[in-house]
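Heads up: the structure comes next, in structure tokens.
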Amino acid sequence: GTNQDSSGDSKKGGSEPKKTLKVGTDASYAPFEYMDKGKITGFDVDFLKAVMKEAGYKYNLVNVGWDPLFVELKNKTSDLGISAITINDERKQTYDFSKAYFLSTNEILVPENSKIESAADLKDKTIAVQSGTTGQEAVEKLVGKNNKNIKKFKQNTLAIQELIHGGADAVVADNTVVENYAKNNPNQKLKVIADKKAFAPEYYGLMFPKGSKLKPTFDKAIETLYDNGTYEKIYENWFKVKPDVANLKAQK
Amino acid sequence: MIKVEQLKKSFGENEVLKNINVEVKSREVVVVIGPSGSGKSTFLRCINRLESITEGRIYIEGVDITDKTTDINQVRTEVGMVFQQFNLFPHKTVIENIMLSPIKVRKVAKDQAREKGMELLRKVGLEDKANVYPDSLSGGQKQRIAIARALAMEPKIMLFDEPTSALDPEMVGEVLEVMKQLAKEGMTMIVVTHEMGFAREVGDRVIFMDGGYIVEENVPSEIFTNPKEERTKSFLSKVL
Amino acid sequence: MIKVEQLKKSFGENEVLKNINVEVKSREVVVVIGPSGSGKSTFLRCINRLESITEGRIYIEGVDITDKTTDINQVRTEVGMVFQQFNLFPHKTVIENIMLSPIKVRKVAKDQAREKGMELLRKVGLEDKANVYPDSLSGGQKQRIAIARALAMEPKIMLFDEPTSALDPEMVGEVLEVMKQLAKEGMTMIVVTHEMGFAREVGDRVIFMDGGYIVEENVPSEIFTNPKEERTKSFLSKVL
Amino acid sequence: MDFRLDIIVEYAPFLLKGTLLTLGLSISGVLIGTILGLFIGLGKIIRNRIISSPFVCYIAFFRGTPLFVQVLIVHFGVVPLFIHETNGIVAGIIALSLNSAAYVAEIFRSGIQSIDKGQMEASRSLGMTHVQAMKYVILPQAFKRIIPPLGNEFIALLKDSSIVSVVAAPELMYWATAMNTQYGRVWEPYLTASLIYLVLTLVLSFLLNRLERRLATE
Amino acid sequence: MDFRLDIIVEYAPFLLKGTLLTLGLSISGVLIGTILGLFIGLGKIIRNRIISSPFVCYIAFFRGTPLFVQVLIVHFGVVPLFIHETNGIVAGIIALSLNSAAYVAEIFRSGIQSIDKGQMEASRSLGMTHVQAMKYVILPQAFKRIIPPLGNEFIALLKDSSIVSVVAAPELMYWATAMNTQYGRVWEPYLTASLIYLVLTLVLSFLLNRLERRLATE
């Protein structure tokens, strides 16, 4: 599945001609990256376009799938990955990450009549998450890693289906994901609970092979997007609210 | 005993039996001969309704077995059949082969069935094989067990369909011996066979079939030495 | 022509042939008889090395075929074999069955192979069947084709392993007729059969095997009327 | 290629638990599937087209669509009807059973039809009814022939059970995926899982071969 | 249950493209698998254990591990060695071919061994070598018997090809998943996909049956 999308005419690039970068993604995580009528679309896609323009690289965004994405980077068959990838310590053991480019807060999705009011109520409840997401991380911090009350699904949509069909008491996922779903499916009678205290913010980053020389360039490019307001525009376009740029900039 | 009236049998378009009329009296031994494909097997199989009948009537002891209301399983218990391929049940021992039907169909008590079974094994000279599986028997032994199995249902008539054709020559004799004994005891029998010696010695009557018809029937001494029909003559010249 | 010296053959523990010594002269017809399991088939199969030999030597026209350096495929082209089960190639027409080996093994030209094949079909009385598939033939016709197929390789010896045992009785005659013709033309033949009439009429010598040994051998007139060994007597009494 | 044994060690207890559930799912799947399959197979043999057609359709559906979809349908569509909530393990067992029933039905059908017609004729000629002949003569013989393909079906099910991870039944593949997502590494979890599958299937094949040989000599 | 036909209509062209790739993957898989499988099957028949053991191992590995893992290994381990980049479609074709080769090998083996021994003996007695007998007598007959199980393997591959979606080869299941993630809906994409799979497999079975019948009468 190669979906080509190139941009950037390397006007700022400087002297040497830069090679075209291969960027891997798993286009199955709306609204960050998903297929819209055969085209990879989403916040990450627009953000990547801006970053690449800033960094002065031509690139190919390729939908390689989630598991393959990691192998691509490890084998250096891709130059970087963007796929709403959470920066965490385990992954840092094998890969490098750029500066954080997205702040995600997890929220709880429950049936309207649920007694759950905060993250603390989740203990001893069955919680559905998408495996590998910040939602999973957050819940595992709360109730323990690989706790048997956590059900991990390959997709958030399946986790939410589980909730709707009574197999789980709550879904924990990115605020954007759960709010999107609750808004678009009012007849399912779901409500969203935010618990800023319990769920520490999580950050997404661009992922590079260990020791990649690209990292400094991209860190700088991201910084620039924060400063010149481009980031805010893209963010508002997708999420209809203002981002917490100060918080993001504060991250290393 | 058996009366077959205007029997016709077709497989699809192919009419295999064309107007067969036969009467077999009690204690009579009828031998059926004829070339391959002439309908001999089909004829036997119609008598115990292994084949459905296209037209005509078959009476066994006055009961019309072609009638829909007749209990065919009941009829079959009275008509024993022995096949060319023995068809013993390979997952059961010899004695179990013999006891199965009396127990399940006639609801005979196990002990009684076993006793009767052993008696029959003695009759066919194989009481020492009661507890072996059919696989370890020779062809001739298998066929004798198959006869004993059929007799266990105490049939009034026995049908034999080329009982010795699948046997090695030295085993033919032992099976024919059992059949001769049976005939002597007065069993009513219809035997399809190519063993002309047996037909001559034991048969009360020989029926020659060809192309779905009974071409000629007569006592053995007549038909073998003095066949009336051309087709009988040419067939006998090949097999004698 | 053929000389078998101290032939032994075992399947694992089971010694099936125990010291067989036979000599067959050119143009001689040897008939092998004996009870089932006595090793008749194994004996034939050793002669064209379908079975490997455990001990002993076999010479065909002076060539030691048990020698490792002998080209066994070459030997086999000189020894034709006819099986009980015909073993025609079902995916080829009759004439293709006959032509296959001459073309592929002897590298005969197609036209020539076909001509020779048609001649052989005429010999076995089946030239009208050249282009049909074996499935549509009767057993007797199949066996005659099998004989023609073996003859197409122009063998010096023909081995027959119960060629008529799988046939309906009325077809036995036509196959024996072809074999008699072959014998008359001077073919060297070893025939395993239960057809005593054929043995008597055509056989130059009869070998009686039992339990892996040659128990007795003699000209037919002697062995049938005046067998010397007890085992021969008892066997013959069963099959005659 | 670096290969991190430490994370395999860390996940070993989970992989073990997962393997046990994988075995449990496959065993219950093949057992229930065998019972269902027997009836469906017998149903398909019935000469009457009207009676046999639902069985024919059942087999066509379960053999003609990916197990993946069947699992989702059972999980979200069928299980909640009965226990008023979803349950990955229950759904897994049901889906694997229904799926294997379709395959087992075909195994039974061909096993039964492979028994020589003479057996049925001999039974009928001894006065047995069709049902009696099936019960005492045909099925006992068919069972023996059915064991090898049934064993193969079990092995197939063992591998197919990995699909149940999509509804979060914590079997072997589920834990391999968990490991994969936590560390973002592919080879360690999946090669380990495939090795476990390979060992399971080879051991099963071996046992199956021995069983077959014992049955053959009986 | 609401069922949104509009999103199916919207995705129809992609599902169609995906179906075509699914067919393409399965067809190339079964074709290449058949050629490979013939050699592997012949290799397994060889009496010499040393020569036959690699073939035996090949079959054990590919039949004993989930296709899922095989796809990943080929995608990351094998394809980059040759074309210096990953490619989901190439990996899909290779993995499906290697996998089906193992099954086809067994089909060939049992097809060859099902030919009556008398055929080989008759050929040898006519002076043919073992290879000649195989080529002119055994294999032509075996091929006929092999066609039905080969057809079944094709059908199995058609369903199994859905697994190739993990390396983002845009076949049917890939688009169903894309639809699922875009709209967050489960039934519309997966029921539609399963219906397409069902139609494909039923049509194939039908064609296969006709072919079998024609071969039988020939």
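Order as written gives the chain letters A, B, C, D and E; numbering starts at 1 within each chain.
Quick note on the criterion: contacts are C-beta pairs under 8 Å (C-beta built on N, C-alpha and C of every residue); 3 or more make two chains touch, one makes a residue touch a chain.
Bear in mind that the values here come from a model prediction, so they are computed numbers and not experimental data.
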What is the set of chains touching both chain B and chain E?
C, D
Chains touching both chain C and chain E:
none
Chain copies touching (chain B, chain C) - same or different residues, decided at half shared:
same
Taking each chain's centre as its mean C-alpha position, how far apart are chain C and chain D in Å?
52
Averaging C-alpha coordinates per chain, one finds the centres of chain A and chain D separated by a number of Å equal to 38
Approximately how many whole Å separate the CA-defined centres of chain A and chain B?
83
The distance between the C-alpha centres of chain A and chain E, rounded to whole Å, is 37
What are the residues of chain C that contact at least two other chains?
none
Spell out, as numbers or ranges, the residues of chain D touching 2 or more other chains.
72, 76, 186, 190
Shared-contact residues (touching 2 or more other chains) in chain A:
67-68, 71, 158, 161
Of all possible chain pairs, which ones touch?
A-D, A-E, B-C, B-D, C-E, D-E
Mind listing the chain C positions that touch chain E in their complex?
48, 50, 73-74, 76-77, 79-81, 83, 85, 87-91, 100-101, 104-106, 146, 149-150, 153
Chain C partner, complex, touching residues on chain E are 116, 118-119, 121-129, 132, 136-137, 140-141, 144
Quick check: in the complex, which residue numbers of chain A touch chain D?
66-68, 70-71, 74, 90-91, 93-95, 128, 131-132, 136, 146, 148, 151-154, 158, 161-162, 165-168
So, in the complex, the side of chain A touching chain E is made of residues 1, 22, 26-30, 34-38, 63-65, 67-68, 71-72, 75, 77, 155-158, 160-161, 180-181, 184-185, 187
What part of chain D is in contact with chain E in the complex they form?
60-61, 63-70, 72-73, 76, 155, 159, 162, 173, 186, 190-191, 193-194, 197-198, 201-202, 205
